[in-house]
Structures are given as C-alpha cells and as structure tokens.
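Just below sit the structures, each encoded as structure tokens.
Each of the next two complexes has subunit A plus one other chain: subunit B in the first, subunit C in the second.
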Partner chain A sequence: MGFLICAVALLQLIGVFAGFDALADRFPRALLPLGVSFIGYLIYVFADRYENYPKRQRSIQNTGKIVMLAGLALALIAVVGWESVPGFIAARLQLPILLALAGSILFGLMTWAMWRHPTALAMNVNNARQEALEGYLFLSPNLIGFLLFLAGPLLLSLYTSFTNWDGFGTREWVGFGNYGKLLNLTFATLTAANQPANQAINVKVYDELARFSLFGSHYLIGATDKLFWIAMRNTLLFGLLVVPLSVLPALGLAAILNSKLPGMKFFRSVYFIPSVAAVVGIALIWQWMYNASVGWINYAILSAANFLNSIFGAAWIAPQPRWLSTSDTALLAIVVMVAWQTIGFNTILFLAGMQNIPKVLYEAATVDGAGAWRQFRNITLPLLGATMVFVLSTTIIASFQIFEPIFIMTNPAGGPNNATLSAVLYLYQNGFQRFNQGYASAIAWLLFVIIFLVTMIQYRRQRNVTYEM
Partner chain B sequence: MSAQSAGSTTIAASARDERPSTGRRWGYWLRNGLVYLLLVVIAFIMIFPFLVMLFTSLKIPQDTFSYPPRMLPREQILAPVVGEEEQKPLYNIAVDGAVREMALVKDNIKIGVYAAPDSPDVTFERPVKDVKPVGGFMNQQKVAYNGEETPLWEVEVAGAARQMVQVGQTAFGQFVDPQNPDVSVLANVRLSEPVTQFTWRPQNYLDVLQLNGLGRSLTNTMLVTFGVVLGQLITSVLGGYAFARLRFPGRDTLFVLYLGTMMIPFVVLIMPLYQLMVQIGWSDKLAALIMPWIFTAYGTFLMRQFFTTIPKEIEEAALLDGASRLEILWRIFIPAAVPALATLATFTFLYAWNSFFWPLVIINTGNTDNHVLTLSLNVLRGRAADSPNLVLAGAAISVIPPMLIFILAQRFFIESATSSGVKG
Partner chain C sequence: MNKKRISILLSLLVLASMLLGACATAAPAAEPAAPAATTEAAAEAATEAAVEAATEAAAAPAEGDVAIRWRTRPDNQEEANVYKGISDELDAQLEGISLAYEPGGSEGASYQDQLKTEIANGTAPDVFWIPGTDVGDFAKRGLILNMADLAAGTDGFTVDAFYPGPMEYLTYNPESGDSSALWGLPRDVSTFVLYYNKDLLAEAGAADPAELAAEGKWDWDAFVDVASKVRGLGSDIYGYGANAWWGPYGTWMNAAGGGFFNADRTACNLNSPESLAGLEFERKLYQDLDVAVPYGEDSEPPFRAGKVGLFQNGRWATPGIRTVDFNWDVVELPKGPAGHAGNWLFWGAYAVNANTQHPEEAWKLVQALTQADTQAKISALGTNIPSRVSKEATDAFLTFTPPANNQAFLNGLNDSATAEGPLWAGNWPAFDAVAGANVQALMTGEKTIDDFAATICDEADKTFSE
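Then we have the complex of A and B:
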C-alpha cells in the first residue's frame, strides 16, 4: 500500500504541486463560482432556522447543497482551464514521470481489485485482515503527510541542533556546542560596583549581561550569548505580564456572561471578534493608535488627565510616551495589545467550563444562604480547575512563542535597544537572517523543553483535578 | 479584579430575582445597570481599534495626521472667493467677537511679536512689513532689553505709535470674507479651526490593491486557504474514521503518537520544515504554504472524537447490506458530521488565512507573485509608512473577511474555540 502512495507522491511531486503557482494565475476566475458555492453554504446553514418544519428544512438544505456543488464544479472548470491541459501533458512526457504514472496506475488497479469484495473473498482474505488493510488505506494520506511534514522534520531538527549547518553547505557535528554557547554563564565578584567588565571576566569569550549588589558585595554575570539571555528575559517578562492580564479579566467576564441576563450572547460574540482577526492586521492598527503625536492612545491619556484636572483642579501633566520607540514602554505596548486580543478567546473557554458545572450546586448553595461571592469562590473556581489549567497553559505556551506583533510593530524588529527581542524573534534572526540554522535549531529545542515542562505540569494538574472531582 | 466582583453581583442579582421585594428591586436594577455599563465599556474597547481601522482607511491623506485625532473622515471645504481664481480653504475665525467662516487667501505672512521694553508681558502682534524702525533703517535706535542691545520699532497701538522691541516671531495667514474680500483678518493658521465636511475615499482600497500587488496576494491567500481547508477536511475525515472505527495493528500506538505531536510548538518545526522545502524544491512556491498544513493531528483527533459518538449499529447494518467502507463514510458518517466538519473548517480557515510566520520564512520577499496577504501587509507597512490610510485599508482587507464569516457562522467559531479546550 505504501508503494501506491509513494508512486502517487512521486508523480505529484514532479508535476502537480509546482502547478499551484500557475493555478494562482487563474484562481481569480474561480472566485465568482466559489462565491456562489459559499452562498449555497449560507442557504444550508439558514435551514437551521426551520428546525421545527423538517420538510421545509430538508428542501432548503438540498437547495443549498445543489448551489454549493454547482459553484464548486464551475470553480474547478474555471481554474483548471481546459485549454491548458494538452500543453501540460506535452511538457511532462518524460520517462521517469511516465514510469511513475504507470506504476501508480498499476498499483491503483491492484488495490482497487483487492478492495472489491468478491476478489477479496477469492483471495481468501478474512475480515480482520481486510479491515486492517482498509484502515491503513484510509489513514495513509494522513500518515504519509504526518511522517513527511511532522515526524521527519522533527528528528531532522534535533539532529541539526547538534551541527553548525548554515542551511546550504556541509553540516559538521558540534555535539553540545550550540547548547553550550547559548547557556554558558560566568559569575565574577567585583571590587567596586563600577569596575570595568574586562578586569573581572574574559571579555573575548563573555559579554557583560548584568551586574548586581548583594549584601554589600558586587557581582557581575557574563554570558557567551548575551542576546539569548536578553531574549529569554523579555519573553519571560512578556509572559508574566500578559498571562494575568488576559486570564483574570476573562474569568470575570465569563462569570458575568454566565448569568441569565438577556443580551449575553451578543457580548460574547463582540468579545470574540479580536481573536478572529489576523495578528498582522491588528498589529498595524495598534501601531497607528500608539502613534506618539496623533495616536488615539496618547490622546485618550491626555483627555483623561484634562478631565481629572478639571474635576480636582489639579495640574497633572499627562505622559505622552513614544510607545513603540522607547525601551521602557515598547514591551508593555505589545503586552496590552496581545492581552486585548486574547481576552475574548479565554472568556469563551471559561464560559464553556462554567456551563459544564451542574446548576444543582448553585441552587443548593442559594438554599444554604451562600452569597454570590462565596458561590463563585467555593463552587465556580474549584470546579473550573481543569479549564483554568488549560487556559493558563495555552496562554503561557502562546506567550513563549510571541513573534508576529513584535516583528510588525517594532522597528527594527526587537528594538528599541533589544527591549522587545523575544526568543522566537532571536531564533528567526539566527535561522533565517544569519542562516545559523544549527544554532537556531538549538534555540528551538530549548524553547521546546520549556514548553514541554509547562504542558507536563498541565497534564499532571488535570489528572489531580479529575481525581478530586 | 473589578470585573470579578461585578460578575459575582450578577449571580446575586439573579438569585434575588426569585424573591423580589420593593426595597431590593432598586438594588437589582442598579446592579444590572452597572453590569451592563461595564459590558458596554469593554465591548467598546474591543471594537474601537476596528473602527479606527475602518474610518482611517477611508480618510483622505491630509486628514490622517490631523490633531486631535477624529474618527469620521472629513475634508476641508473650499470656497470661491470674489476676485480670486482658485478656491480657497475655509476656516472658522473670530471677527469682532463673532465666529465667521473666512477663506485663507495668503499664508506665511511674517508676524512680529512686539512689546514695550518696560512691560514685556503685554505683547502686540503686527505684520513685520507694517512696522517702521525708530530712526530709520540706516541708524535704527537701540535699547537695552534683557541685557542686550535690541533694535527699537514703531508699532501702532490703538491709533497711537509706540516704541517697542520685537520679542518673538511667528507666521499668520490672511483670512477674508469670501463674499466681501475687504473684510480681512490675520490669524494663526495652525491654531484656527478648519471648516470641514464629511467625506470618504473608498479609492484607498483600489489604490492599495494596485500598489504592491495586493490584489494578487488576496487571491493567493484565498487559494491557499481554500486548499488547506479542503485538504485538511479530506485527510482528517479519512484518518479520523480509520482511528475511530477500523481495527488494525499499531493503531493505538499511532494514535498516541499523533496526540503527542499536538503539543509540539510550531517554532520547533519551522527550521526543519524549511530545510525540507528547500530540498524538494518547494521553497518560494505556494505548494509549501498548502501541503504541510493539510495533515494535522488536531483535525484527525477532532474527527475521531466525533466519529466515535456515532452508534456502531448503523454501520454494522450497512456493512451487512454489502456497503463498502467508503460508501459508509460518505453516506452515514459525513452527513452526521457536518457540524464537526464546519467547526474544523472554520478553525482551519482562520489559521490558514491569518498565518504569517511560515509564509515569511518560506516565500522570498522579492517574489511578490507568491505573496499572501499578511506578507504583502508587512511589505506595505514599510513602503507606505507615511500614508496610514493605505496601510489600514490593507489591514482591513485582511481583517474583514474572517470577521464577516464569523458573523455569519458564529456558532462554529465558538465551538472551534471550545473544542480546543476539550482536547487536553
């Protein structure tokens, strides 16, 4: 069976996939039929309104289906463009491709023959074997893609992280060299707080990372890769800020939305909207709002200060920071934007968790005279444990991989003064701008270890929670 | 934190709803009012950036940098002025205590700020050319002012000529009444309030589609999204069915493996996937944006979970009737799984439409023919940094389609969000 798939894969590799680019030329022509198809989908969904009239629902659904299929067929015709088929075939009349084609047809015929029931009976295949065969057959497209695009690259990545590959030339085994360079730190005791670094550490190997004072003595930390540690610190700081900011308000909002007041579904939808939009688009909007001179955020701060001043008769001067180009505020600006985007999503998750809590518990608590806060504290929070752990860990994991907002909003990316250099951004710079692919792979695996630990904690906590329940 | 306590008050409110007494009624309405106020404020915060995007993307270029920022796109009104060939911009100018609409006919008139040397706080603004030097240009009189020898000028104040020094300089514009150009006033142009009217410029969207080949990237994004969604549905249904219903050796081990890969972050994969694409010649090709995302453990898992809930009896009956597996899948499982499929489709759609990191890595910056929207936006950000109306029009093009689909097919989005919560 694998053979069949390999043959097909080979064939497609040579011919069809490169065709996607050519396809893009003609794709606009298919948009109209695709739109028609989408309208069909809408009609189909619309049928849900008539749940109480099964007959009408059926007929509307069928209309939707037909429109949908017709649209798809038209789109296909428009995209493939029959006039180009002969040329396409002529260009690919080469021996290896023909061989692969013949092979795949042969294998295909064989499978088809075997698959048919009578043949299977004739070949004395029992049910279990046939089922297994079919199982592999059904799974094979998925499995091959899985091995090719996930499992294979994963192992390759682990191997690369032990080499000094630049993405093109030969790769040399460097053992733990990459990891060593990333993680290597040195400590030195200073005689004075402002002693130059080159007197304490070997500045040819180490860069000064930080200095601090403890119990009257002064210490200095040096690192072989200073930027990595800065990136890790920024990433950690980002996570520490963004996790509470996007989880706590979400918990509160979910508690409100979980009440039976009218209109809650509307608010739920509104809060969800930011998480639907592309990060790149959102980053551009916020970049404009953060504009120091004509942006809305500084204007809002100014108006708020003026308002307070007029009430209290004070003379506070509103700060007008240059948000994205000051190293103190750049990371904070991105934190605010990311929290704004994630709150809605987390709210939905919490809400789903809360709706799973049996209503009986609240009723019993009300009978016992427990107030709202006690109900929230003693019923909602403990029974939300699994959801809580899940929300926390996904938010943490996502925050460790922060890249896109930083890449779009700060200029140069990671600036000013490395204040927003995140781990993934550093990985990107190493792997795709300087082409130290081995080194970048090592960063990726270090990041993976951290994320893996978070996931493990999540697993264990979830197990404990289910036991308690 | 305030949100939390407000949340608990609603529970209290709904609990009290069952035994209302006149005294508590007021508290009930008050609390609910506060809750709604909070919800509306937060909803406003959630929506506001999108409003900024929408309205800025419709502004004319001169309007984007106006301060204070304003939401609706506006333009300055031009009016014909008697005796002038061109139309002139109108401003609201105070004339003799009344505000009138005046046209700006001349800009950058040099204005000196003058004050008597003994009372520098009382200043008078006069055009530089109307002021005569005391003692003539050749030997102008000087006076000590702020410890420096400063030239002395003859300034007319209330009909009388007084001797003053120049303490500052600025530029004013000359405003006239459009009907009666003899009525003329000097005022600071930057501080004057322009007379504006609502206007909008949908042309921005066409401009941005042509600039940078954004139109091409839009269709590319559609193609990629379409391919990924369709491909992922197919492989997930097939794989999910195999995992759910067919017994074959190694199935459970494989399934655990699949589950395990769900927690591998994308950043670990990005490097080796890139290397793989380079090896098989797909770098810079749209295929690289589609193929790797067709096979996901998440989709397979979702479909498997759904398929296991379908009763086995139906399937067995069909098998006895001689239906093949493919028929069973097509006739029984897929129709039953439409909600799950739609959920998976919306999830995948969002992912494919919004993805940025992978296209950034795999598609060359120079190869604009294969750019997707997010990539083009990244380029646009640099090229049109000084015209936010264009940048935000581009952002709107990428942000609005998912939103429209969200509004139309909300429940699948909400389900796709919550289904990701079930997976742990």
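Then we have the complex of A and C:
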C-alpha cells in the first residue's frame, strides 16, 4: 500500500495524470518500434524449439534479446525525443517529487524483498496466504480505480458537505449547517386559510412551502430552503409516474416479443433504439415536438380535429396544450419522454429473464389446462422476480437521478415555476451555478441516503421470496 | 535472462515510455515564458499542453512564442468561424504570442458552468468572455485578474473609449468602493428591439411600428393595438413573443420606472409599485389580452415560421432571422409610463484568468480583441454592436443590413438604457432563480400580482446573504 500511495503521488506530481492527452497524441509514434520489440520476443520464444541444442538455443535467444532491446530503445526515442529528457528531469528536481520517488523505491524494494524465498520462510508463508495475496494483486487494478475515482471523490464530497466550500477557495467547516438549512422546517397554525405567511412565520428565515386544512384548522409549513423540498417532491412524483410507465409496458412488450411471431427480432431492435440514442439529441427532438405553437404533437391534434370536423360537420376546437410551459403538464411531458426512452432497455431485460424460464413449466401448465393469462400470472411473473427487482431498482435509481431531459427541455431549467426542478438539477444549480459546492454535496448525500434506503427495502423484500424450479 | 525477467523489463520500459510520453510536451511549453518554472507551473503547462493537443482549433505555437488560449461564446457556427478567423489574424499581428481559439458552449451545455469547472480544475483558458452579470461573482472570488496596473502602464489606453455603463461595473473595486479596478473590456454591446413581420402586420391591418416610432406614437397602447390585431388573425397566430428570462420582463419593469434592485443594488425592488406596474402590464399580455406566445415557450421558432407579429430579442438574433422568407424589420421597444422604453444595454467582457502564467500577453490579447477593427468584423456578421463609442463605429454599424432600421438598436441604447450589471452584494444566479420562477408563475396565471408582491422580496432578499 505504501508503494502504491508513493507511486500514485509521484505520477500526480510529475503531471502524468494531466498528460493523458499528450500520451495519446505521442504514444502511437512508438507502435512500430514496439512491433520490432515484439518480433524480438517471438524470436526469443522460438528458441525453445531447440531445447536439445543448447548452443543454438542460446544464440537465438541472444538475437531475440538484442532485437527486443533495440525496439524498446527506438520506442523511447520515438515517444520522447532525447532532447527533451534533460529538461524533463531538470524541471522535476523538486523536494516533493524526490520524496515520492524515494518512497516508491523504498517501498518497492520492501515489496520485492517480501517475495523472496528467505523472507517468505521467515514470515511463515503458506499456500493459502500466497493465494490470498495474489488474489488481491489481481484485484488491485480495479481496487485502485475504485479508490481513486469512486471512493475518493465520494469521501471528499462527504467532507465537503460539512463545509461552505465554493469550489475555488478554502473550505470552512460548518458542521451540519448545510444539512440543517436543507431540512429545517417550521409549522404554524393559521387564523384563516388565506392569512399571509409573514404573519405566521419569520419570513426573513423561512419561505412558505405549503398550507393545508385539517379538521377545520389551517396550517402552514415553512422551510429555510423550500426549493429543496420542491425538488424532492418533484423527484418523488417523477419516480412514481415514470417507474410504472416504463416497467409495465416493458413487461407486456417483452411477453409479445418472446413469442414466435414473424419479425420479432426486428422489433426487438426497434424498441431498443431509444435506449442507445444520445439523451441530448432525444431531448431536443422532444422539445421541438412539444412546442405549443409549432410542435408536431399539437399539429397532430389540430389536424385530427380538422379531419373529424370535416367528416362530421362539427366545430370542435382542438386543444393546444402548452406541454412544457405550464406546471400542470411540464413534469408529465418529461415523464412520457423518459418512459419512452427507458421502455426498450427494460424490455430487453425482461425478455432475457423470460427466456431463462424452463419451457417445461409452460408445457406442464398447458397439459393441466392453464390458459395464456394464467401461465403468465402464475409462472412468468413469479419466476421473473429477480429480473423484476433489478429492473425496478435500476429504473427507480435512474428516475431519482433525473437531470438531462429537464436541463435541456425546460426554460428556465426546472421551470415553469419550479414544476420540474429535480433533486439532481437543484444540486447542479447550487454546485456549478451558485458557487455552493458544500451545499450541493449535502444535497447529494441526502439523495444518496434516500436511494440507498429504497433499494435496500426492495432487495430485502425480494430476498424473502424464492421459487424452486 | 529468463522469460519472467524479460517480461518485467518489457513492462518497465513500456511504462517508462508511457510516463515520458505523458509528460514530454510539458518541458517545451513551459520553457519560453517560465524559465524558472516551479512544479506547479510545469504541471500547469502540461495541462495546458494536453488541452491544447485535444483542441482541433489550436495552432501549433511557433518556437519561442507564448501560447495563449482564449474563449468566447458564439451564438452560431458562422460567428464561431468569424472568431476563428480573427484569432488567426491576431496571431499573425501579435508578436511573440501564439493564439488558440476555443469556441465555448453548445446546445444543452451552459457556457459559464463549464468555464467555472475548468477554472476550479486549473484548465481554463488565459482569456475568456463572461456575461456582464457574472463579473461580480468572478471578481469577488478571485477568478479573474484585476488589470488596472497593466492598463495604467499601457500608452494610449483609456476606459472612456467604451460605453460608460459597462465600464462603471468593470472598473468597480469592491474592496475600496471606487473605480480603481479593471476586470475586463467589453466585447460588444447589444439591446432589445422588436423584430416584426411586416407581411403579417399588413395582413392584420395594423399600423407600421417604425412609422409610429418616427411620429413619437410608439407607446404601450399602440403596442397592444398592433399585437391584438395580429392575434386576431387566427388561433395559432400571436401578436407578441419573447423568451422566458430576466431580460424581457426586466424591460417592462424598467419602462414603468421600476427595476430589480434598490439604488445601491443591495436589496430586492421587485415589489415596488413601478416594478409591479411593469409586470402587471406584461401579465395582461399573456393572460387577459392573450396576445403573446405562451410564457416559457421558445418564441423564435414560431416567429421564423411566420406566426408571430412582434418578437422581442437582441441584435444576436439577427443572423438567424435573416434567413426567413417574409418581409421584416426592427423597431425600438415601445415607451412606457416612465417616458422611455426601459431597454437594457447588454454586454459581456473579455477577462483574464487570475491564474494565467502570462498576464501581460493576455492583456495584449484583450486589447486586440476589443480594438475597432476586430469589433467591426463581428458587427458585420450582424450579431452585435461595437462596444467602443465612436461615430465611425456606429456609422459602420448602420450599414450592416438587413434589418433596414438598424437605427432602432442605437435608439434603444440612447433611450435611457439600463446597463446590465453584476451583483456585488449578493448572489445573482440565486436571485435570478427566485425572481424568474415567481415571474413565470405570474405570467402563466398561477399567481396573482398581489400574491407575487406579498412574498417576492422576502424570498429574493435572502439571496443577498449568500
């Protein structure tokens, strides 16, 4: 671990991580010399054929080594150019770099020493320990990636959520201040349903979030950050709408696509296309379709009304919904678009699940006189349990993280009147538009807790239901 | 040497070549301007080099030149091409400087959000454009360089060459409260006009707004009359259209004598009687009179489809509208109760990254980008108005037709236009979010003007404490 830490620090300090683009740009130059090196390796391996002629074998091996080393040397020259090396070294003769280098060498030597036979004997190494160690070593690339690019930023954001960091300056510790501001609510009893909020709560601190009547009394709820609660409400509502709309039709479609009807392979591809299309492109197309004045959907409604009027001699006035510009329909419009995009992916998952169900069960049910619906209800659905949990979990998680369609399709993002403001969009606005990285991190962690709890409940429920096949 | 050792040697050498390959471009990039480069400087240079390599537009710096990256937000590909051409010309003009232009922004990506992220990451360009409203946020957080000292040492430079409105904000020093700073120079200015469909207005029998304006009769009543007549042409034809952001609704407030903030811009003024009068007039356009494209819908597509009579937008919309196939022109906004049209003087500025390694070269580039020749080229495209105050610049601007009535833009600037500006005492994005959502609720009929007035400033004033 010490070696890994020092090596990563060394790479960071000398600018390797910032230089991946340069690497990608320059490394292809070395491909040809590396090919030469590979040929050298093949020559070296070829020598094994002359196992019974040691002299010839050694001679071929030596040739192979020379070709390999020459190829590698040429590769180095191609990538770097010798003239750059002195400048490269001179620019990096800094204390932190030298310390990291010394640490890497020291820990590297220690690691090397641990592999040596005497050390192994001294440390009572047995096969089990060695296997475990090798297992961890095989795991290490993934583990290092996880620590660096997932666990590290996660922990950093957890720490940031307890600070007032703006993304640029120093972080000041504010404890649970961000969480307090997000969650702080106040309740007040009103003397009349329409009593102004400033007479009931301290409007310098709280904004009116909601008011309601219960058993003849009127109440008002205030929040220090009402937008957070609005965003959470919208996110929950979005999830409640989009999950059934993108799971149930997918189940039905999968049942149809699982049949032996002609053309099913074609339709499987067709339904999957929206899932692989870029969300930005799809959102822009749907935004255009939803346009109240010149959009295709309202145009279709208008044309249909005109057609019916011409047939029946009626004078129906076609409704022209303002899909994305009124609070009543904006979230629903986003739900329809997202469900349309998600159905295809869920369908493929269900289809895979259905094809894993043994055919013999259906044959037995048919012999017993069960119809198609009965078979679907009593065989397909129960045996799709694991797939269902996976589909539900991924769809719920994705719905709670809704961001791109809202960001692109609504104007201003989250509008109208915050009707489509989602938790992740609010997080983004705080973190990247209002310089509140600490606050945004707190929102992220609250959202994580909610998603974690919902997912855990689902898995627990599924764990209690098992079917023997 | 056994196979295992050979494999190790091979791996080490490949690793070494990758390592050196990743770092190799750093040394040459850092050498010319930073001979005593620190580790950070070297890493910065490596980062710059990496980004540079990834940018197709980047020109290869000549030997010994200082590489400067710069960025602005073009509204369309034609404008991006013009900026690229300007970058190439300036690259040849500016001795010892190699320029790389990066067009910023794209559909669905916010220009400022990306820029802030790059600044935090240390990969932002040396010079970049930011909108006038953002200058305060960037300056307060130390993200842009105060160029006052560099300007003081520059022969012939004077802030008086530019429109005074933007320069008042660009020279404001929040620490001393005076005009001793220089945060940037304005790229260009713009103002609102009403683009109008002459064919549609003629079909509706409405008066020509430009003629009414020339006669001094272009006021709110005349505006409603024209918009209503056009709306009468059909259920899918609208008299007026504007997009849902602070600019359009701000003009109605300004024209009624109101505005966003109090005099010293330290508190909300959206509930003043004048501001409410302006908002109430606009609300009537959407709700009571029903002459406007629904609030929140993009008005430009229906205007370009020939379905909107009067479309409120800035000079930046001109290149797109030049492609329509009906007769059109522009007219200044109608005068309101305050006796003027309440227009905005929009502007954005070229600022220098506070972390640039080459402040002097960046300052030279900022000056070059705002020189008269450069601004004339951008204006010729039709996008914006030069930010330099000079008769030559405005005379040249008038020749960039269509629209025929370019004078309407200049009239808008000279009719008590309010310069957009940063919010030094508060958080503008947060204020904008609160005001925008509430105005949208008002315009879509979800809130009454009384409900709006009762709560708006309690809510918006909290953003001054952020």
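Quick note on the criterion: the second predicted complex is superposed on the first by the 301 of 469 C-alpha atoms of A that agree within 3 Å, B and C clash if a C-alpha of one lies under 4 Å from a C-alpha of the other, contacts with A are read in each partner's own complex, and residues count from 1 in each chain.
In this section, a residue touches a chain if its C-beta (ideal position, glycine included) is under 8 Å from a C-beta of that chain, and two chains touch if they have at least 3 such contacts.
These numbers come from a predicted model, not from an experiment.
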Practice task
Give one of first, second, both or neither to describe whether A:Y179 is in contact with subunit B, with subunit C, with both, or with none.
Solution key: neither
Exercise for the section: Report for A:I408: first if it touches subunit B alone, second if subunit C alone, otherwise both or neither. Expected result: both
Handout entry: subunit B versus subunit C as contact partner of A:Y219, first or second or both or neither
Key = neither
Exercise for the section: Please work out whether A:M68 is in contact with subunit B alone, subunit C alone, both, or neither, and reply first, second, both or neither. Expected result: second
Practice task
Once the structures are superposed on A, label A:L156 by its partner contacts, choosing first (subunit B), second (subunit C), both or neither.
Solution key: first
Exercise for the section: Please determine whether it is subunit B or subunit C that touches the greater number of subunit A residues. Expected result: B
Exercise for the section: Considering only the touch criterion stated at the top, classify A:Q375 as touching first (subunit B), second (subunit C), both, or neither. Expected result: first
Exercise for the section: Tell me which partner A:R322 touches in the superposition: subunit B (first), subunit C (second), both or neither. Expected result: second
Practice task
Identify the partner contact of A:V294: answer first if only subunit B is touched, second if only subunit C is, both if each is, neither if none is.
Solution key: both
Exercise for the section: Kindly classify A:Y50 by the partners it touches after superposition: subunit B alone (first), subunit C alone (second), both, or neither? Expected result: neither
Fill in the blank from the handout: subunit A residues contacting subunit B in one complex and subunit C in the other 13, 18, 20-21, 23, 27, 34, 45, 167, 280, 284, 288, 293-294, 404, 407-408, 428, 432
Problem - subunit B residues touching subunit A - in the complex, by the definition given at the top - result: 1-15, 32, 35-36, 38-39, 42-43, 45-50, 52-53, 56, 64-69, 216, 219-220, 222-223, 226-227, 234-236, 238-239, 241-243, 246-249, 251, 254, 257-258, 261, 263-276, 278, 280-282, 285-287, 290-292, 294-295, 297, 300, 322, 324-325, 350, 353-354, 356-357, 360-361, 369-370, 373-374, 377-378, 381, 388, 391-392, 394-396, 398-399, 402-403, 406-410, 413-414, 417-418, 420-421, 424
Problem - List of subunit C residues in touch with subunit A within their complex - result: 1, 3, 6, 10, 13-14, 16-28, 30-31, 37-39, 42-43, 46-47, 49-51, 53-54, 107-108, 110, 112-113, 116-117, 119-120, 137, 141-143, 235-236, 238, 243-245, 293-298, 301-302, 305, 307-308, 427, 429-430, 433, 436-438, 440-441, 444, 446-447, 454-455, 458-459, 461-462, 466
Problem - Residues of subunit A defined as touching subunit B within the complex - result: 13, 17-18, 20-21, 23-24, 27-28, 31, 34, 42, 45, 115, 117, 128, 131-136, 138-139, 141-146, 148-154, 156-157, 160, 167, 248-249, 251-256, 258-261, 263, 267-282, 284-289, 293-296, 299, 340, 343-345, 348-349, 352-353, 362, 366, 371-373, 375-376, 386-387, 389-391, 393-394, 397, 400-401, 403-404, 407-408, 424, 427-428, 431-432, 437, 440-441, 444-445, 447-448, 451-452, 455, 458-459, 462
Handout entry: Parts of subunit A lying in touch with subunit C, wherever the complex brings them together
Key = 11, 13-16, 18-23, 25-27, 30, 34, 37, 41, 44-45, 61, 65, 68, 72, 75-76, 79-81, 84-85, 87-88, 91-92, 94, 96-97, 166-169, 196-198, 203-204, 207-208, 227, 280, 283-284, 288, 291-294, 302, 317, 320, 322, 324-327, 404, 407-408, 410-412, 414-418, 428-429, 432-436
